[in-house]
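See below for the structure under consideration.
When the chains are written out, they are named A, B and C in that same order, and each has its own residue count from 1.
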């Protein structure tokens, strides 16, 4: 469980591919202060398990399923990544639960500076936007953000300079691919409401329905 | 409160049945380093209270309700079990919010190795799957996992080698029974949404209703 | 933050009422080992602040609001109370997240022994049950428990002998009043969901809506 507040940006030291799977080694320091084998760390928003570590780097195994569903394949040795440790039990009960299970990717189609904020348009598949809500939360490469604009296939987010400088957003350009996790609560609501509707016989206001109700 | 990251596998030393209740004694070491009477320990995902302990074993009382709702009855002297201490106040939620209150059991119907991951299909009652969501979280024998596939009665999970070697999954075969805890957040959402629907007065389109709406 | 694992039962030494407020002095020992002025201690699940203490007793001030919302008024000199210190930084969440902010009270309407467990029915206002979920958590007089049964106005819990002997449950009878705190995660989700519903535009059946549906 994470909160989408990036603690440090790390650097890819090596990427060993074995078939569709991958072992990643990442250089960093702060988040290794209290690390243990088996700990969960979000790398660009992807929850991965520490299988090896030293004082200034750690290694994770990445399943084919995860490689396929995320932008990991776009990374190379030297790429910067957003890092966050799992939520501290005595940490703040933040406003947004991030599981680190990436739902899909999006492409940056607009970057626009307006006074002290930078606006980004993220183009993504409607299967992702359908569970989102204006002013709701979304996680982009592990960063918890507010949805300022929402259409069928595009989400608009806005970042303050602090967030940009503390994350890899500073390296993003038009066309960059980013990992998207939709808000957990939205996904549950979408599934339960639709299941409830599916269970209901398809009741549309038909002539028969109105006549049954005495019209 | 747990998080679904197994700390150690223990071994059943003895199982004393009294009617439908049970007293379990379990051999282990790591998780007894800071144990106290009354501590909560998750045994295959079941939150149980320590009633006695020594340096290398502990005893717990199991209520009939818990024996009935879990796979404890399938265990025998020598069986391996997953163990996790309650979340440390300075610990981290490496998995998700796990209460240790098991919702039911499932049967393993498929085990398939694909590159560095092993996929398992878990067949369970639809009353359990109804509160789950794709890419959501589920606890299986106390292990926090991601839902990669979800149908009316089957959940697909995928484990990396590290998780398999650190838990009793390595001993599982087709037909094995496992304890299932559904994600707390999903259970709450499901209940609240359905209560909201129940509370809505059964709004039928009556003449009065249509005339109120200007027809 | 507490976790609902009772550390010690204390005894009311004195109750000084001033208008609707109250100053309580409680005899105990274990939980005073590391006490400081201003510390938080849960008394029957109510978070109260230590204003004075000696080696074997401590005093707390109780606000009128708290007296009104809890069962404190039912206590007298000599009454037993459940005591828990605030979660230590190196402690463990053996129960669940308990804030010590009591939501209301309930009345015990059934006590039934079954094998090694005792079942209690707690009758309470539906405003409390609405945020609860089966197999979820609830705090009763400061004790973290699992919800085994749930109806519109009644919660069923089940206690093992260890918990009964370590708390004031052994003194409870049919008709006893107990303090109830609903699970924080449930309350959080309930509020979040109802806020989302409020934001939805109020969709009424208009002429346009009917014509869109072919009338």
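One rule holds in what follows: contacts are C-beta pairs under 8 Å (C-beta built on N, C-alpha and C of every residue); 3 or more make two chains touch, one makes a residue touch a chain.
Computed from a prediction, not measured in an experiment: that's the story for all the values here.
Undergrad: Given a C-alpha superposition of subunit A onto subunit B, how large is the rotation in degrees, taken in steps of 5?
TA: Going from subunit A to subunit B via C-alpha fit gives 90 degrees.
Undergrad: Since subunit B and subunit C are copies that touch, is their contact same (over half of the numbers shared) or different (under half)?
TA: Result for this pair: different.
Undergrad: So which chain ends up in the middle if you average the CA atoms?
TA: Located nearest the centre of all protein C-alpha atoms is chain B.
Undergrad: When the centre of a chain is set as the mean of its C-alpha atoms, what distance in Å lies between subunit A and subunit C?
TA: 36
Undergrad: Subunit B to subunit C: how many Å between their CA centres?
TA: The computed centroid separation for subunit B versus subunit C comes out at 25 Å.
Undergrad: On subunit A, where are the residues touching two or more other chains?
TA: 89-90, 185, 189, 205, 210
Undergrad: Which stretch or stretches of subunit B touch subunit A in the complex?
TA: Going by the criterion above, the answer is residues 1, 3, 5, 87-97, 114-117, 130-131, 133-137, 146, 148, 158, 160-163, 166, 185-186, 189-190, 193-194, 197, 204-207, 210.
Undergrad: Quick one: which bits of subunit A touch subunit C in the complex? Just the residue numbers, please.
TA: Touch list, subunit A to subunit C: 89-90, 93, 133, 135, 185, 189, 204-205, 210.
Undergrad: Inside the complex, what are the residues of subunit C that reach subunit A?
TA: 1, 87, 89, 93, 97, 184, 188-189, 192-193, 196, 199, 210, 213, 215
Undergrad: Along subunit A, where are the residues that touch subunit B in the complex?
TA: 1, 18-21, 37-40, 47, 49, 51, 61, 63-65, 85-90, 97, 99, 101-103, 184-185, 187-189, 191-193, 195-196, 205, 209-210, 213-215
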